[in-house]
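The next block holds one structure in the form of structure tokens; read it before the comments.
The chains carry the letters A, B, C and D, assigned in the order they are written, with residues numbered from 1 in each.
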Amino acid sequence: MDVEALITEVRQVVSRLHGELVRYGLVAWTGGNVSGRVPGADLFVIKPSGVSYDDLAPGNMVVCGLDGKVVAGSPGSDRSPSSDTAAHAYVYRHMPEVGGIVHTHSPYAVAWASRGEEIPCVITAMADEFGGPIPVGPLAVIGDESIGRGIVQTLRGHRSRAVLMQNHGPFTIGVNATDAVKAAVMLEDVARTVHIARQGGKVLPIPRDLIDRLYERYQNVYGQIDEAQRMS
Amino acid sequence: MDVEALITEVRQVVSRLHGELVRYGLVAWTGGNVSGRVPGADLFVIKPSGVSYDDLAPGNMVVCGLDGKVVAGSPGSDRSPSSDTAAHAYVYRHMPEVGGIVHTHSPYAVAWASRGEEIPCVITAMADEFGGPIPVGPLAVIGDESIGRGIVQTLRGHRSRAVLMQNHGPFTIGVNATDAVKAAVMLEDVARTVHIARQGGKVLPIPRDLIDRLYERYQNVYGQIDEAQRMS
Amino acid sequence: MDVEALITEVRQVVSRLHGELVRYGLVAWTGGNVSGRVPGADLFVIKPSGVSYDDLAPGNMVVCGLDGKVVAGSPGSDRSPSSDTAAHAYVYRHMPEVGGIVHTHSPYAVAWASRGEEIPCVITAMADEFGGPIPVGPLAVIGDESIGRGIVQTLRGHRSRAVLMQNHGPFTIGVNATDAVKAAVMLEDVARTVHIARQGGKVLPIPRDLIDRLYERYQNVYGQIDEAQRMS
Amino acid sequence: MDVEALITEVRQVVSRLHGELVRYGLVAWTGGNVSGRVPGADLFVIKPSGVSYDDLAPGNMVVCGLDGKVVAGSPGSDRSPSSDTAAHAYVYRHMPEVGGIVHTHSPYAVAWASRGEEIPCVITAMADEFGGPIPVGPLAVIGDESIGRGIVQTLRGHRSRAVLMQNHGPFTIGVNATDAVKAAVMLEDVARTVHIARQGGKVLPIPRDLIDRLYERYQNVYGQIDEAQRMS
């Protein structure tokens, strides 16, 4: 496929995935954003800033270079991209294995973030999906580079595809935009469940070697493996 | 535009915005209300009292003067306006910069209100949107003027567009009705998140100067700026 | 209207109102039930037992006499009525002013009920709607008469249209079925809000005379008054 | 009916029932699974692994033998069955009275499971449906047989149709798939309600003999009894 066809496809996927943030209650009003890297090009597609979720469509997604600047002349280029675009761009520049990024203010994840507390791995679904606890990143909301740098420093070499930026909220990464959205959905699910669990009393730890085995198994055997899924 | 055309437009906007209160779970049964000022006229449009959200339409919105009296002869004038109309009118009379007002009994905001406790600013989204803590207004539900007076006394000169009236619930204001509804949605979101955060342990404060910088940035650069948005 | 026309109308209203229980999350699976008295006749209409909410329709509502027995030969009479029919019948026999009854296992109301704890009146919406705290009724689930008797003993002469039957759940009453459903919706709303409020710290009481004034005002002036509303 | 017709019917029922898991908020992303035994055959029908709930249809349900192996050549046999298939198969082999099985990570049930704490029977709906507390099964997520064995050891001879597998989540069983889904829905409902109840203070026990009488009554008299229901 040529680059234009790939951009068209990523626009459709990224636009549609924003609907999943709404479906799972991860966002309010115009908050939150999804981006997806254009395979083989130094480009990514991201949500416009401050637009209602009802009005999002492939044609108003914004195409940016890895410097975070809007690509002039493409559809949507009359819009400002998400105010978190610089953070997305930083991650794409420094983590070439990342193909999709999601940011939300989902309430239970933000609650842990506002205490600066990592989420302990006490449920097997969390071991499957994240391979251990969800780490906390720095309070870093001053300049544009600082958020991206905090994400990369926390997640590079870490099993978790999710980071809780202190007092701010979660960012998740994935091999593509769908994978990053899945991580955002599962993160809020475990943030909520572990919160509820702890409110009721003492949670039981899962032994480290069992966490390792769960993670290995899930990463290798779960799901249907076909080309369509790898793409989307 | 002449006044009649503006009234027609505000009726449509205010009617539609009530759907956002339902969508975000801020209201139960016939509770809650949105109003919008008619630009350039001493009039505002408000929800009728005790009517099901399913039955709200532009034609049954009620037009009132700034004294809170229904304008005779206009569509909807056979209906009683919201039982909170006097409070809305008071705010429009005393705060000319306010173009929209929302009142709900959204559960987490009411929970803080029933303790008479302001919501501390411990998440960056709250700094962005409200510029600091959400203040508490007086227990003032006796006469008609007292609620409006309590709102104005609390919010005048305050960064926050939201006030928690003690034992009662939130009122939010905005430059127009959409902006006030956004404030109501974001208020419940932060009321819930900070509640959950504190249930789990000690929350981390955000330094005051960082709150200031976040608020300045968000008020000035966020979102798409065009005339359609300023209107709605 | 003759009795048959009234029965047809009450069937429609009662069938439709079950949709409100679903909309507000008050019921799970086939739990919960609404009934409505047929004006001027010793009859009431109630939900069939164990039927999915998706399948409820005016034609499968069951018509019963005030002894709780199904009226033979009417549509739906091949169905068993709700397993709570005896309790509804008892209330209709002993409280002639009651025109509608609702029973649910809505989660926050059941939580208070399982502690046998009345809900304190700390929010003004509760003063408006219920005129004070929500009382607790006895643990009474053995014979058929005992639940109905517990409801009547608790609510007769009480301002509240809602009772929390201990370890069981809420019953609400009203001048008609719509009014009883409104009470069920508002009850769960205040049960949830006061629970959340108390989890966060000490709630502030509302002075008794203010509760009285709020209740008087709301019962007399709120809403649109027309015949259609009185009927439904 | 011949076996092919029965398989077709179970495919339809099992596919449709997955929609109930979504409706009641018991699952996130592609998690959770329902299976149903094919009456009179050593076969069961189960969800494919890692497929979106939006895309589930009778034709992509997977037919397995009681050894957990996919039946070659049938529709859906090009898909991997749910990663929990071995556990379902083990239960069908060892509990011939079981006609349906459900597994979810519903949040309140998982919260109790992560503390390894049984849910006490303090609400009458729980006595009706489960006849007592919901038991906890072992932390057993290593080999394929261990989960199934833990379910069978915990539920065999127990009134409860639900087990909380420690640090993992609930499995429910039933006389057919619909019955098992009902148990999953009611389990999350009581897990949530009892959690909320206990957060607010001390819950009141229900005397053991009353639990017994409630359970007996509900199992014998509740609902409409007809062949259609027994089948589905």
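Side notes on the structure shown:
The working rule: a residue touches a chain if its C-beta (ideal position, glycine included) is under 8 Å from a C-beta of that chain, and two chains touch if they have at least 3 such contacts.
In UniProt terms, the chains line up like this: A, B, C, D = L-ribulose-5-phosphate 4-epimerase.
All values derive from a computational prediction rather than experimental measurement.
The minimal number of chain-to-chain contact steps leading from chain A to chain C is 2.
Shared contact partners of chain C and chain D are absent. The pairing of chain A with chain B is characterised as different-residue: of all residue numbers used at this interface, under half are used by both copies.
With centres computed as the average of Cα coordinates, no chain lies farther from chain D than B. Spacing of chain B relative to chain D, judged by their CA centroids, is 45 angstrom.
Between the Cα centres of chain B and chain C there is a gap of 32 Å.
Residue numbers of chain A whose C-beta contacts span two or more other chains: 199.
Listing the residues of chain C that touch chain D in their complex gives 28-31, 48-51, 79-80, 83, 105, 107-108, 110-117, 139, 141-142, 166-169, 195, 198-199. Considering their complex, residues 24, 122-125, 182, 185-186, 189, 192-194, 196-197, 199-204, 206, 210, 213-214, 221-224, 229 of chain A touch chain D.
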